[in-house]
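Chain lettering (A, B, C, D, E and F) follows the sequence in which the chains are written, and residue indices restart at 1 in each chain.
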Amino acid sequence: MNASAIMSMLLAAPSSGNQGFDLGRMMAIIIAAIFVNNFVLSRFLGICPFIGVSKQLDSAIGMGAAVIFVMTLATLGSWSVYNLLLVPMNLGYLKTIVFILIIASLVQLVEMILQKFSPSLYRALGIFLPLITTNCAILGVAVLNIDEKYSLGYSLVNAIAAGIGFTLALILMAGLRQRLELADVPPALRGKPMAFLIAGVMSIAFLGFAGLGG
Amino acid sequence: MEHKRFELAMSPHVGTHQSTRKIMFDVVIALLPALAAATWFFGPGALLIVALSVGAAVLAEYLCLKFMKRPVSFAFDGSAIVTGILLAYNVPPGVPWWLPILGSAFAIAVGKQAFGGLGHNIVNPALLGRAFLMASFPILMTAGWTAPEEWRNGQNNPWETNGIVQEELLEMPNADAISGATPLNVLKQSFDLDKSADLANKEGNHAEALDLEARASGIRHALSQKSTYLNLLVGRRGGCIGETSVLLLLAGALFLIIRGVLEIRLPISYLGTVAIFAWVFGGSGWFNGDPIFHVLAGGVILGGFFMVSDMVTTPVTPKGRIIFGIGAGLLTMIIRRWGGYPEGCSYSILLMNLVTPLIDRFIRPKVFGEVKEND
Amino acid sequence: MNAGLVLLRVLVSQESFGDAVVNPVIVLGAMGLLLGLGLAFAAFKLAVPKDPLVEKISALLPGVNCGGCGYPGCNQFAEAVARGVAPPGGCVAASESINAKIAEVVGVELSDSTKLVALVHCNGGHSARDEFEYHGPSDCVSATLIMSGQKTCSYGCLGFGDCVEVCLFDAIVIGENGIPIVDRNACTGCGKCVEICPKDIIELWPVNREVVVACASRDKGAFARKACTMACIGCRKCIKACPVEAITVEDFLAEIDPFKCINCGLCAAECPTGAILDTAPARPKAYIDGSCIGCTLCVKACPVDAIHGELKEKHEVDSEKCVGCGLCVSKCPKNSIRMIGAKSYQLGQEFRV
Amino acid sequence: MSLMKDLTNGIYKENPVFKLALGMCPFLAVTTSVENALGMGAAATFVLIASNFLVSLFRNLIPSKVRIPCYIVIIATFVTLVDMVMHAYLPALHKSLGIFIPLIVVNCIILGRAEGFANRHPVLNSVADGIGMGIGFTMAMVVLATFRELLGNGTWLNMDVLGSAFQNQPLLIAILAPGAFILLSFIMGFFKILETRKGGCQ
Amino acid sequence: MIEMLKLGLVLMLVALIAAVALSLVNSRTAPLIEIQQELEKQNAMSEAAASLMPDDSLAFDSLSIDNLENPYASCDELLQVVKVFLPPDTSRIGYVFIAYGKGYSSTIQTMVATRMDGRVSGTIILNQQETPGLGANIVKPSRLIDHLIGMNGQECLLKKDGGTIDAMTGCTITSRTVVNSVRQGLEDMNEAGLFSDEIAVDEEHTEGGSE
Amino acid sequence: MTRARTFRGGTHPPGNKGLSSGKSIRKIPAPDIVRIPLCQHLGAPSKPVVSKGDTVIRGQEIGAQNGFISLPTHSPVNGTVTGIEDFPMPHRRSGSVVVIETESEEGGQIFEKWDDFHDHSPAEIIERVKQAGISGMGGACFPTYVKLSPPPDKKIDTLLINGVECEPYLTADERLMLERPDDIILGMEILAYTLGVQRCVIGIEINKPDAIDVMEKKGVTVLPLKVKYPQGAEKQLIDAATGREVPAGGLPLDIGVVVQNVATAAAVANAVRDGEPSIRRIITVTGQGVSSPCNYDACVGTLFADLIEESGGYTGDVERLISGGPMMGIALYTDGVPVTKGTSGVLALSPQEVRDIAEGPCIRCGKCVDVCPLKLVPSMIATAAENRRWQMAKEYGALNCMACGTCSYVCPAGRYLVHYIKNAQDAIRSGQGEGV
């Protein structure tokens, strides 16, 4: 396979040769991933960290930034390996195992590199990195990109937007939880049940975005 | 020496005569004129829906408090009544009787009491109840419209009675009469026609596209007529129970302002934003929308004066309130123009309710004497 | 392992599997090797020195980074545990035994001293008169702000239960008398209640000293008595009753020295107002076995005349009278005396104050 | 005895969902019907048992530095197996579970048990734990799915239960995303009440 | 260094075993999955084509025309048209194709059978993940689906867009997606000249439009 | 008259001043037994220098200054000390009082009279003010001499005399301005001379037109102020008068302003001119709970009960007895407490006057934010404090609060906002819950 062929593959969607860059479609992907089909509130991806790291606003912001960062890198890696290696070798069925390996080692490498070379960035982002391995939003976006047959460009856009959507939900959640910490919540609902109830309310509100960009 | 003994408390020892209860009942009173309009246009059915909704809300509040072993007197502080009325005001007049009951019960139980009751709820319970109904019974909630005064003259003729004056339209070339239960539905249709026109253009059917575009702009033209405005003001239009008469809603709002209950920044920033963005992108293209229509149609007036200004779920600081109003206004217009629903008022407020804690956290007034560099 | 390799070679060599097996094996194998090497390389080259305690805890933790503990990852949780910020049992993914091990790792520095539990130095409650009616937030801190609380006794418990609220272990409840009651088993001695109490009447107290002064009033006897029927009036009767001189009275208030106290409860029996409480659920009884030589030392030691017997003959204990103080045990030259029966906590251990 | 304890541990005492709040993503996503819940439960249980077995078997051979990647590979392998088998033999279920089958890989329960339990217990106990946790997970999903399917569709395991009048206007929100969150919240709250009641009696 | 190598080798070994296991299983299941999917497609085609002629013995043959691009599909699917004939006579009696359209929250795949004159004879919704209870109702028998039958590309339009088809209550977007994707498919086929010349009126119209 | 000035925020509670504003000051004799609290000022209590059995004369020092921020205490009567004991106080549960059996109230000139204060240096005047035991008589009781001795690096350019009396009910300052304007004006001149400032203004709310008139006729620069609570708070008064904001955590000195109450000015005049220590003050006894509200000139150590009796006793139900005004005054559980230098009023409020609504949850109406003169967010501070999140309360500026009570006054949910905020202040100052 020569270089130009690889380039054309990267830039175009895998199954059709002539899909160019389309601003409208990109907007649709972005709006869908952030609002309409928000990863957390409508697709149920990344619930564990969403519930776990939303107690403090500062952690939520850090986690969100880390997720966006890793999501982008993981998508880049997984998309390339899938379309440049697995598909030509007819090994599509290995995608799950390959993706998770890529994500796990990527996260660990990034964490170690940050810790070594940029302690300040590590303190801001790095401490959230381990949690990301088991964040199904990362693997989810990688798999979804393949399922939707997005080109690399769209895949990256989708990944970043999904990360932003995750972050948005996380930050809103953190704000609400901090407010409710001072509220007179019935004892039975304190803690995790409350977190899920807030998520439910947020999810209802996000239904308002339905149909947007469609 | 024995001296007379007195009770003790922290200063101040005097206070205003306002109380939560009084505020709530003021809001109830302010909402009543609109109920009269609703009953006039939609018949006693509307009254029944409001009554059921209020009853269910108060009952649900009472039962929740009882279940949680909290003082049940809170159930009668009027806040449940406000929630009940607002919920009923946000459903179409033709819904079955059990719908508002279910909605109110959900609004109170899940939207309010689960969070700890009055003052602790994160979103407006009535709006949450409405969103719950929208998600659960989308067909009933989007098809339960009745035309104004239909109950009296017995004919369902939305062509004349949804508030849009047809004569104007019929004079337009290529413009058929339009149907649609509410003015905003009609507007949404015009956007749909625009979309179809784009499609036709893409396919190369330029003649068809022109025709569609003409019809779309014809509809929008009809919506911007004085007579349409008048109908919207009076309340002769299709829509939710509470959003009929703009005039009577304004009267209620005026009452609240006089009573010092209404925080004026929220409605003003909200309605102002709606108007501005209605002009910016409320029409087919840019900067040609009709702000007057957008403000009068749908639930913006009801929302602006009675739901955006809900104290519990909006920021406490003046600056925060202005930001809240702007955000809600922008979201309303985005949903109206590009979203899946013809009306975005209630969802926009719900969404901004979620942002309220963040606004409260980051937007605080400058403390007296605080040096600027700390900001 | 070898068997696996052989199997692999057999499989690979067979034409029928061919590409279908070889390709994935190559791809995955290469990835595994590369990533393994990469990670190993990184682990060695990029290693950052860590706190050994944190390492130890991390090693015990599940390492799934689920975030259930509220920390971003297992390492952060481990650090928090090591710093004492997070509870050792805070991991939701680990089983209880692991949590116990973590607690062990963290707790090795802690001595196996006697547990300290919260003790409320007031038994006034509804027996204490109110000076005025208080209007304001229902908590002790707020009430204290106004003329130091509504009670006539300015030392006593206000009974709004701030301590109940701050207790993370539900170890305190307000009893019927309007006084907090501490569940000694549930109490961990964290001291949150001590910190919050605006009247400073809660103290951490060794769990096995069960005779306590339940009053903090330093008012003069007459005034204290007027303010509260349960007040210590400084009558000094307890001092006389105490066989080990564990009690002192200062500013009209008795104080028990927990280091000296032997739990006999004699002071409590003597106290005219009930300011000294005997909270022991049951007392052990002395038992003299056959090795007794009848030296009568124990008879002299006994503060309640519960031992009797002839010189050079085996002595007997009147278990009705015995208060379980154990003074005789220490005096017996032949170690013939044992304490038998219910003892909720072991005496004689060291404790931190 | 200890085996029995390991087995029952996951069912109630350490129920992965209600008590530990692990594995939430698939739990919320696939509980739109009892059928899906059972399918997902079976798949997760299989992976849980198999990975616990293998991890426990090789627990002394795998160096600790690469244990997590190794476990992930083991789990991912079983997940892919389940994926392929389900695709081949149960295509309808495969379709409705969709993306959440590959996502079993990142289900915290599985990695959590591999690391937290199988890593330091003998094979039999690990398998028992896997079965217990699997059953606990499945049961929890069935509970939530029962509510969601009943309220949102009027059926249970595709059987008509609440009659056609209800089915014409079911409480749709129950099978939408918000319904899952809210119902889960209340179920967890209910468990909490149960627990405090029980605690109060002791 | 040795230590590092050892770690890498262990991971490799685990990966190798995984690879072998997976490839073995895959070699068993992959054909099955393929057969499964083929069967599913066949069934759907038969079902759709049954509306053309209720006969079990209908056969299908993919057309050797250039793939038609469908601009409304979300995931770059191409319009693939299958010829339907009744063996042994291999002349076509109609076509079957899949229309793709971006719906409310998913891509809706509609299998459409058409007569030779370009009119719809039957549709089946193959794949959709629309809102349950709303858009998802599209799979149930409905007026919308009934309405489509007998329509040609020109007529296939919602009432709201100037046509005659009533949208399903509460889900205009889903309805519009289905209708528009079907129309698009029909028009593409028409332009490709697949339909017989009997529908002269429509031909004229199409020409007029394309100028 | 120029337009009345004011500050931002605040509220306007009904004044209820009519009850006593028309009543001229009545000087009442000392009771048979006076109880002189040893701590009538902010700072360390004075040290008793007499003991049981001692004979004291009027104006004699009975408690000595005890530290920098402290003041001496003087006997208001001639008599015999019968003991030093603990006694209920208006601002706390109990404190030491010197009990004196009154024999007479005449004579007892301790300090020499100064005919013209210009003959004396500012330092001498400050010493006199200190020796006379004068503390701020507006309520805070801060030793006046400290305020008169600014650090040398602070340039004072404005002296503000506080005649605002924004607390409802109270009319003591108003009566003082009407009846003894010369004392006030002399006090002003002395203070201005001592501080060396040229600009000297008296701020009066426009609901006291008579007082403004009197002052203006005497040629004093009067700053008419809008009727609004807490217009009389130091920071708000300065803001309204000069447009300067006292920095958070700072003092008026930092921006070159000194504020003194009118009563303080009069007391300074008495001390400097007549050599009389601070042993008497003007007190308003009012509220619907007393038969005939009035303004008294009473000596320190008189019991509240005596004043009430003087006003004809209680009428009907008295729900609350307050020392000071209704907004910032302290509720008392007994009327058996002595008058101190800072007692500006005794209020006996009937149940109708006292606000008593059950505390409900905060409905976040934001009224407290609108009225807070310090532009804090009282509801948030209070909510944080209620949940013992002291650190959070601190972040929201709890320490800036001056407990003026405006927020509690307007709160429709009847929340004890000031109470919570004070809890937070105490907790923060004592270092509780760091990091929470």
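As a working rule, contacts are C-beta pairs under 8 Å (C-beta built on N, C-alpha and C of every residue); 3 or more make two chains touch, one makes a residue touch a chain.
Since the structure is predicted, the reported quantities are computational estimates derived from the model, not experimental observations.
Q: What are the chains that subunit D and subunit F both touch?
A: Touching subunit D as well as subunit F, we find A, B, C.
Q: Return the chains shared as contacts by subunit A and subunit B, ordered by label.
A: C, D, E, F
Q: Where centres are the averaged C-alpha coordinates, which chain has the largest centre distance to subunit D?
A: Farthest from subunit D by mean C-alpha position: F.
Q: Taking each chain's centre as the mean of its C-alpha atoms, which one ends up farthest from the centre of subunit E?
A: That would be chain F.
Q: Roughly how far is subunit B from subunit D, centre to centre by C-alpha average, rounded to an integer in Å?
A: The answer is 41 Å.
Q: Need the CA-centroid distance for the pair subunit E / subunit F, whole Å please.
A: Taking the average C-alpha coordinate of subunit E and of subunit F, the gap between them is 86 Å.
Q: I'd like the Å distance between the centres of subunit B and subunit C, where a centre is the mean of that chain's Cα atoms.
A: 56
Q: With centres defined as the mean C-alpha position, give me the subunit A-subunit D separation in Å.
A: About 22 Å separates the centre of subunit A from that of subunit D.
Q: Would you give the residues of subunit A that are in contact with at least 2 other chains, written as numbers and ranges?
A: Correct list: 48, 51, 93-94, 97, 101, 105, 133-134, 184, 186, 189, 194, 197, 200-201, 204, 207, 210-211, 214.
Q: Which parts of subunit F, given as residue numbers and ranges, touch two or more other chains?
A: 331, 333-334, 361, 386, 416, 419, 422
Q: Where in subunit D do residues touch two or more of the other chains?
A: Each of 21-22, 65-66, 68-69, 73, 76-77, 80, 84, 108, 111, 170, 172-173, 176, 178-179, 182, 185 in subunit D touches at least two other chains.
Q: Hey, which chains are touching each other here?
A: Chain pairs that touch: A-B, A-C, A-D, A-E, A-F, B-C, B-D, B-E, B-F, C-D, C-E, C-F, D-E.
Q: Using the touch definition up top, name the residues of subunit B that touch subunit F in the complex.
A: Residues in contact with subunit F: 1, 3-16, 18-20, 22-23, 74, 77, 79, 116-120, 263, 311-318, 321, 360, 364-371.
Q: Taking the touch rule as given, give the residues of subunit C at its contact with subunit A in the complex, in rising order.
A: Contact set of subunit C toward subunit A: 19, 23-24, 27-28, 31-32, 35, 38-39, 42-43, 46, 48, 64-70, 72-76.
Q: If we count contacts the way the header does, which residues on subunit A are in touch with subunit D in the complex?
A: 41-48, 51, 93-97, 99-101, 104-105, 133-136, 138-140, 143-144, 147, 186-189, 192-197, 199-201, 203-204, 207
Q: If you look only at subunit E, which of its residues touch subunit B in the complex?
A: Against subunit B, the touching part of subunit E is residues 71, 104, 131, 133-134, 157, 160-162, 169-173, 180, 187, 209-211.
Q: List the residues on subunit D that touch subunit B in their complex, please.
A: Within the complex, subunit D touches subunit B at residues 169-174, 176, 178-179, 182, 185.
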